[in-house]
Amino acid sequence: MTRSRPIPRSGAPDILRPPPDATPARRRAYEVVFGHESSLGRLFDVVLIAVILLSVAAVLVESIPRYRADWGQELRILEWIFTGIFTIEYGVRLWCVGRPGRYARSFFGLVDLAAILPSYLSLLLPGGQVLAVVRILRVLRVFRILKLAHYVGEANLLGRALRASRYKITVFLFAVVTVVVVVGSVMYLIEGPESGFTSIPVGMYWAVVTLTTVGFGDITPVTPWGQLLASCLMIMGYGIIAVPTGIVTAELTLASRSDRAAPTTPPGRMVCPDCRLDDHLPDAGHCRHCGTALVREVASQ
Amino acid sequence: MTRSRPIPRSGAPDILRPPPDATPARRRAYEVVFGHESSLGRLFDVVLIAVILLSVAAVLVESIPRYRADWGQELRILEWIFTGIFTIEYGVRLWCVGRPGRYARSFFGLVDLAAILPSYLSLLLPGGQVLAVVRILRVLRVFRILKLAHYVGEANLLGRALRASRYKITVFLFAVVTVVVVVGSVMYLIEGPESGFTSIPVGMYWAVVTLTTVGFGDITPVTPWGQLLASCLMIMGYGIIAVPTGIVTAELTLASRSDRAAPTTPPGRMVCPDCRLDDHLPDAGHCRHCGTALVREVASQ
Amino acid sequence: MTRSRPIPRSGAPDILRPPPDATPARRRAYEVVFGHESSLGRLFDVVLIAVILLSVAAVLVESIPRYRADWGQELRILEWIFTGIFTIEYGVRLWCVGRPGRYARSFFGLVDLAAILPSYLSLLLPGGQVLAVVRILRVLRVFRILKLAHYVGEANLLGRALRASRYKITVFLFAVVTVVVVVGSVMYLIEGPESGFTSIPVGMYWAVVTLTTVGFGDITPVTPWGQLLASCLMIMGYGIIAVPTGIVTAELTLASRSDRAAPTTPPGRMVCPDCRLDDHLPDAGHCRHCGTALVREVASQ
Amino acid sequence: MTRSRPIPRSGAPDILRPPPDATPARRRAYEVVFGHESSLGRLFDVVLIAVILLSVAAVLVESIPRYRADWGQELRILEWIFTGIFTIEYGVRLWCVGRPGRYARSFFGLVDLAAILPSYLSLLLPGGQVLAVVRILRVLRVFRILKLAHYVGEANLLGRALRASRYKITVFLFAVVTVVVVVGSVMYLIEGPESGFTSIPVGMYWAVVTLTTVGFGDITPVTPWGQLLASCLMIMGYGIIAVPTGIVTAELTLASRSDRAAPTTPPGRMVCPDCRLDDHLPDAGHCRHCGTALVREVASQ
């Protein structure tokens, strides 16, 4: 009886187009760099993702002391080669797209820029090149190569589930922050600096570690009263961790159900012309109540 | 088939009113301090929440040894300024409301009082000013400024979900306490004081830490039998942590569904023209109470 | 459309009765000790639960070294007083019930026996009196005093949810054991005794600690490969912890739904005598399809 | 309204048969080794599982230093006896089955081979015999002895739930990897080697440990900014851990419901007498495909 709300399966954001008066070269560049229908475009995407993964791996490897000592020089050169490739690619994207400003401000445009900035930043601020790991976000493009629609649909589903729960999540987060502030302060009072609770913010850090059931154990209560309060907090944490799970699950259950009905609902909702019964299965040809042949109403939206 | 029970979306508790014979000044003060329709009332709320957050931040900062050493004096003066502001505000609220006793005993009245008490308490009991962090509860007023109804509705939904599960939760908590007492005692017997299990209450603390999957690691079993029992407890903890999640989720799913059913009730809600019963199943053609044929009322909202 | 299966709300197990030819004294003792309708019976239950809680508290307190040093003698005397009370009570229960053997083998009979055995056991086996904490199970009787039916109903609901999931849970537990054995062995191979993985059983203990997200941190991988495998195990643990939660939640959602319909279903399922539609709301007096007045069929079971 | 999709309860894979021209001895061997209908076949299965469990236990015990020192020689001999038994059994299976190649490549065939390889491997690679614990997988055969269909059905249900969620899980895993890479790098920048964050991969390991709420505590943030970021990560981890739980639960709820719908279909399953369509809604009076009036078939099971 839950009405399957129309789901905007918007697919890829195709607002980016080559300029209408583009030269053939520019139009060709657009197809290769942005498109994923032509075989060259798909090859470009595959190579790009391989290069992205390699460049992230290089940053990771460079951070390991032993490898930096042995191959530091080589890794730094490799890093600049990757940065060069991404800079050229970013330039080509800006050049071949119809509205460069719009691309530059789009999500993927910002990610592409963020992928090259850290290397240049490291010239001013040593160590900044570590931030180049945000390149991992560029791998999001991989979803374009795989069967896109599925992933966009599922991401939309998760997104909608979160959006539908935004008020519940706000109430929940406020409750968590309140509990953390109050418990952190009380533990600071009870345990004091000897047990590691050196300040209220440290107590709040401990409260978060405990409430989320992470439990590092770097700071732990040692007094009986502290352990009693901690036990209550942990059992309460049971209930608290149940809330976001419950929220997400309830939304996903509802969304899945309406989703499962949706893809097969053909354009137009069926209503029996005789008895007006309207919750027919998607493949019904006759009303299950009176047997009248069904006609499909054209959906208005 | 789940009957959508009428939901009391009671909104803000407006039982507090200015006295009927209030002077214009008092009536005006009421509008500013309690109201959130007038622009001055909204401004007051925003400023108040900023002051609350600042005062909580001051308490947090004061607890950090380094900052207390440098700015201890200034922070203590700031603390008294905030206390002064909240005391005056509390006085104004008492003065401009029609029934001060009722306000003082209401939830917000108690929170407002709790926000100023710790500072005065610290004159008698050094260190008590830390309790001023309960001021964070005053930030609950923020929900009045934002679109209130949504949050109240969602908080109601969560509250009803918990209320509907109260018997399940009692059974669950009793099971947890029993497991904790028994396992804590057995671990005390198996491991003994050398492993840190110095008494049964400490063993119970460890059992809570383990069962809730927090796992600080400050006390851990070291004997093979202790580790075996701990492993069984942890795997059982799987099932136990699943129960509150399942309870909350099941309630939220049911609540969300009946909640959602209302807005999507299709064109016209059925009300029996004879007995005015109005929660019929969607495919009902006759009132299940009196058998009268049903007509669809056009929804007004 | 899910048929609400008839739920056996069996209530308290009233198979125990006084013997038919009991003397008035015996019959009176039965009413006080087993009954909870008469005011004396209720008083007996309340006092009994208070004594049980006190005796458990005494065991807990005795285990704390400081208190044992100071009041060890007094606590041991108290312990024997409680044991005496429970022994007499057990004797009275055996005497006044019609079939003592049946009571002795019932769940509550075994719990009552288990509550007095540890004290006598401690005469042979020093330290065994700690097991007296199983007395906490006797507090289960508290559910008899409170509104019993609710709790029995909810416990039944949880029990049925678990029973309905028994095959899923078996498959799940087998998967967990397999993962634990294999991962524990591989970690033993990778990390070796230097990192604390001194044997495969220790590796399995670590795998359980990790998979259940408890994470004590008493044993942790230190080699890169060990940390990589541990990371995979933890992310897999995400999925594995989701399964019992999913199972319990799915069962509770289904059970809650049918349960919510059930308690109000009056003795006898309604079927429309005219059109045989049979899924009416519990308060329906007329068929919602054809308007015919409904009659209640007497339930056969 | 969810259509109960026909569920392939495929049961045991019976593609393996004795060769059509098998001698009686070979046919008899097939029945004992592969069959589980004859009493000898069932006895063989029970003995086999006992031997498997014993051989796994032997590997576990051998890894414990104390027992290896005392009974190392005996355990190694036992190990070779078990390997001999399993090798002979593998040979018999290859001999009596109709298509040995097909058996050798089937799931159980590979498991059977994997169960004997580690012992022979240990001749070349000392220590490799630890891998013999994969024999635990052979215990999967136990499901053949117990009521198989139930477990296969439930495993199918879990499998389908996972399969139906594969796109959601991919999106989820990608989000987790991205968060882990970015947070691991930022923590490496903030905390540095002094706190134990010696490289980005170590930071990623810490991020996984934290995000999954395992929280070993072997590496923990010590700077205020590190603790703040860790707190945000942990609270975010709340939401992230809710997603797989939500996905699995939503799928299981839907699957359970459609699964349960089948057995409770009330007296007589409706099949259209004209087009044989058989999954009508419970209140259908006419076939939704062709409009023919429906009659209820008496359920045969």
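In this document, chain identifiers A, B, C and D correspond to the written order of the chains, with residue numbering beginning at 1 in each.
Quick note on the criterion: contacts are C-beta pairs under 8 Å (C-beta built on N, C-alpha and C of every residue); 3 or more make two chains touch, one makes a residue touch a chain.
Predicted model only: the values in this text are computed from it and were never measured.
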(request) Sharing over half of the contact pairs with C-D by residue number is what counts; pick that pair out of B-C, B-D or A-C. (result) B-C
(message) Count the C-beta contact pairs for A-D and for A-C, then tell me which is higher.
(response) A-D
(message) Counting residue numbers used by both copies over all numbers at the interface, does the chain A-chain B contact come out same (over half shared) or different (under half)?
(response) different
(message) Using mean CA coordinates as chain centres, what's the gap between chain A and chain C in Å?
(response) 41
(message) I'd like the Å distance between the centres of chain A and chain D, where a centre is the mean of that chain's Cα atoms.
(response) 29
(request) Any chance you could list the residues of chain D touching two or more other chains? (result) 201, 204, 213-217, 241, 245, 247, 249, 251, 253, 281, 283
(message) Per the contact definition, I'd like the list of chain D residues that touch chain C in the complex.
(response) 56, 59-60, 63-65, 127, 130-131, 133-134, 136-137, 139-140, 150-151, 153-155, 157-158, 161-162, 169, 173, 176, 201-202, 204-205, 208-209, 212-218, 241, 244-245, 247-249, 251-253, 255-257, 260-261, 264, 266, 281-283
(message) Going by the contact rule set out above, which residues of chain A touch chain C in the complex?
(response) 213-217, 245, 249, 253
(request) Report the residues of chain B in contact with chain C in the complex, numbered from low to high. (result) 1-3, 167-168, 170-172, 174, 177-178, 181-182, 185, 188-189, 193, 198-201, 204, 210, 213-217, 220, 224, 227-228, 230-231, 234-235, 237-239, 241-243, 245-247, 249-251, 253-254, 280-281, 283-293
